[in-house]
Amino acid sequence: MSIAPSPPSILSVRQLSCERDERLLFSGLDFDLYPGELLQLEGPNGVGKTSLMRLLAGFLPASGGRIYWQGKPVEGCWEEMHQALLFIGHLAGIKAELTPLENLHWFAALEGGQEEEDLEEALSRVGLAGFEDQPCQQLSAGQKRRVALARLLFTRRSLWLLDEPFTALDKQGVAAMEHLLVEHAQAGGTVILTSHHALEQLTGLRKIHLGAPQAGVKEAIHE
Amino acid sequence: MWKWLKTLYHRLGSPKWFYQITGSWLPWFAGAAVVFLGVGLVWGLAFAPADYQQGNSFRIIYIHVPAAFLAQSVYIMMAVAGVVLLVWKMKMADVVAQSLAPFGATMTFLALLTGAIWGVPTWGTWWMWDARLTSMLILFFLYLGVIALREALQPQEVAAKACALLAIVGVINIPIIKYSVDWWYTLHQPATFTLTEKPAMPASMWVPLLIMLLGFYALLGWSVILRARAEVLKREYKAGWVKELLQRK
Amino acid sequence: MNKPAAAFCRLKQKPANLPGLFAVFKAALGREWRMQVRRRGDLVNPLVFFALVVVLFPLGISPTEDILAPVAPGVLWVAALLATLMSLDALFRPDLLDGSLEQQLVTGYPLAPLALAKLGVHWLLSSLPLILLSPFLGIMLYLPWEAQGVMMLALLLGSLALSLVGAIGAALTAGVGKSGVLMTLLVLPFYIPVLIFGTGAMQAAISGGSAMAHLSLLGALAALAITLAPWAIAAGLKIAVSGE
Amino acid sequence: MYFDSLSDFFNMGGHALYVWSAFAISLLLMLLNIILPWWNFKATRLQLQRQLRREAKQQANSSITEQQGEQV
């Protein structure tokens, strides 16, 4: 029934379904994702976009179907997959007791470390110059989110799962962010994101529409 | 045999099959419980000889020991169900675990209560920090913990997994707790005699005890199946077969 | 081409170079140390609680030596037990609420060592001060001098088991809003062996016997907890994240 | 029978209070463990049946309004 995906696909999903609180969010979801692709999950609120993200990150068990990482069932290689994964969810994952710089140091340490100047540069590019040594307690929620987004500037991880990454950004920030995503895709990286913004600048954005479960899943590619 | 067990296991994993098959098991468990408990009670109360030291108060053993035995084995069953849930992700295991907990807690309470009542003629006091009673009391708290954790957590899948993990951790700890309590008891109160410590029981005493134990197990099956069936209906309400069943009346 | 002031642009990439587990463990230790040192209130409160409970006993029972000295081991251990439990309650909840727990799940490294790093720092910052405080409270309860050293050694070994086992409860109740009582109910039964062997060691020392048997049993409990508890803690944390 | 007479049996060698209270309470708790789940099962079934009926009614209603909408 479900054919194992061909090797070059980085992430594949076969007949995936998700149930939360005894409600079927989506079912029969199929897609293959290749290096260099930008994928946007669309659909009204409560349709399971965030749940799909959490499922792909391994936080939730799927109610049915499978996920493949580079052609292998992901259950056997979560660690390998996570080493290539950068996830930013609704919660920023930034510790309030630490300064932005210390927070970034930790994420950099997970990838082998980074020069202090580079991290400072990353913070200034997301508009947090001057906040390097203030505990994140004193930052606003939007600023904390930008600390998390600063990770994207120096990470070497190839698969990005970004849940509503644009919420804390102004118009310029969104444009810059879109530029960053395109750059990552052109370098062979892969991005899955959800967003309420109309993403005008993103070229080659692929969209998956999560809709009513009965109607199945519609897919459209906007060139 | 092994193959048969395997198919039984897989079938029990399907709520529909579980519901149907346990429906036909119910009368058997009920009948066995009534017969074994009836015979055991009459035998234990009226025909078994009295203990030479404790006299007729010894007859409380026919409740106390099976209850204490069930209290421990139900906790182990809960942990086994927990392993099945966490390792093989079989959701029916959680239905069973959830249905086991109240029965296990009742048995623990019963063992404590009969122990206390028994204590009056034997020790002259309602409560004594006897090793067996103390372990039972701790087991009672373990049961309350599992039940309280399930109440506190949402959604249901999360509560199920958390309770499974707690039961497994508990089952690893129970021998340690039991051993430490035994040690503590001998350290502090040597040479008082334990309620059920008997050198050698004659058959006229232990055969009714065995029958009572079987009766308790049958009762366990009956009670747990009743609870599990209601839970299956609740959880599988959306499934077609449940709707059909409900419409049939 | 001029970029806007806040333009995001990727920094120069270095070749991928994944650090070993030990390097990550060390980084996690450093991070936890900084975080926990900055939450001073959370560290001091259990100590004050410990001292206060011990002080209440003479007021409730009697100030005389012949009554206080025999109950001193029990009082000290029960107070230490409750203080440890209290300090562990909020171990993982902030991490779950701010999303750093889910980030720990996707580091690409096993969760157990990361949780162990957190717990290790927590032990250093809360259990160790408690052990250092205990002789002073022992003096106030007329604990004989012979028993002081044994008490500290027993607390040292016992607190390892208490922290590790308590952390399982903290992981399971991380998703529960107000979990103080629930956590107590879940964890206290598992603390009983430590309580028994801990007080046993002190009583053996008071009565002039050897506390070696008790101490080695405490050590065995600690060793068992170190080998098994991290996996249970990691499993509990994963369950907690799946419930968010 | 171990006892000489029925009154002897009820007397339980002077331990009547303990033996009979222990057995009575035990029997009561056992019965509760059968009766309560049984009631619970019945109540669950009734409640689900009611819910099913309500849902069916709602569905019928909504299909009627849909048809009316089309007519308008």
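Letters A, B, C and D mark the chains in the order given here, with residues in each chain numbered from 1 onward.
Assume a contact is a pair of C-beta atoms (placed from the backbone, for glycine too) under 8 Å apart; a residue touches a chain by one contact, two chains touch by 3 or more.
Just so it is clear, the model here is predicted, and its values are computed rather than measured.
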Sort out for me whether A-C or A-B is joined by the greater number of C-beta contact pairs. A-C
Per CA centroids, the chain at the heart of the structure shown is C
Intercentroid distance (Cα basis), chain D paired with chain C, Å: 44
Could you work out how far the Cα centre of chain A sits from that of chain B, in whole Å? 48
Chain A to chain C, mean C-alpha position gap in Å, rounds to 35
Inter-centroid spacing, chain D versus chain B (mean Cα positions, whole Å): 19
Contacts with two or more other chains occur in chain A at residues 61
Which parts of chain C, given as residue numbers and ranges, touch two or more other chains? 242
Chain pairs in mutual contact under the definition given at the outset: A-B, A-C, B-C, B-D
Chain C to chain A touching residues, read off their complex: 3-19, 23-24, 27-28, 31, 34-35, 38-39, 94, 97-100, 102-103, 105-110, 241-242, 244
What part of chain D is in contact with chain B in the complex they form? 1-3, 9, 12-15, 18-19, 21-23, 25-26, 29-30, 32-34, 37-38, 40-41, 44-45, 48-49, 51-52
Going by the contact rule set out above, which residues of chain B touch chain C in the complex? 86, 138, 141-142, 144-145, 148-149, 152-155, 157-158, 161-162, 165-166, 168-170, 172-173, 176-177, 179-181, 183-184, 187
For chain B, which residues are in contact with chain D within the complex? 37, 41, 45-50, 55-57, 59-60, 63-64, 67, 99, 102-103, 106, 109-110, 113-114, 117-118, 120-121, 219, 222-223, 226-227, 229-230, 233-234, 237, 242-243, 246-247, 249
Please name which positions on chain A make contact with chain B in the complex. 20-22, 61
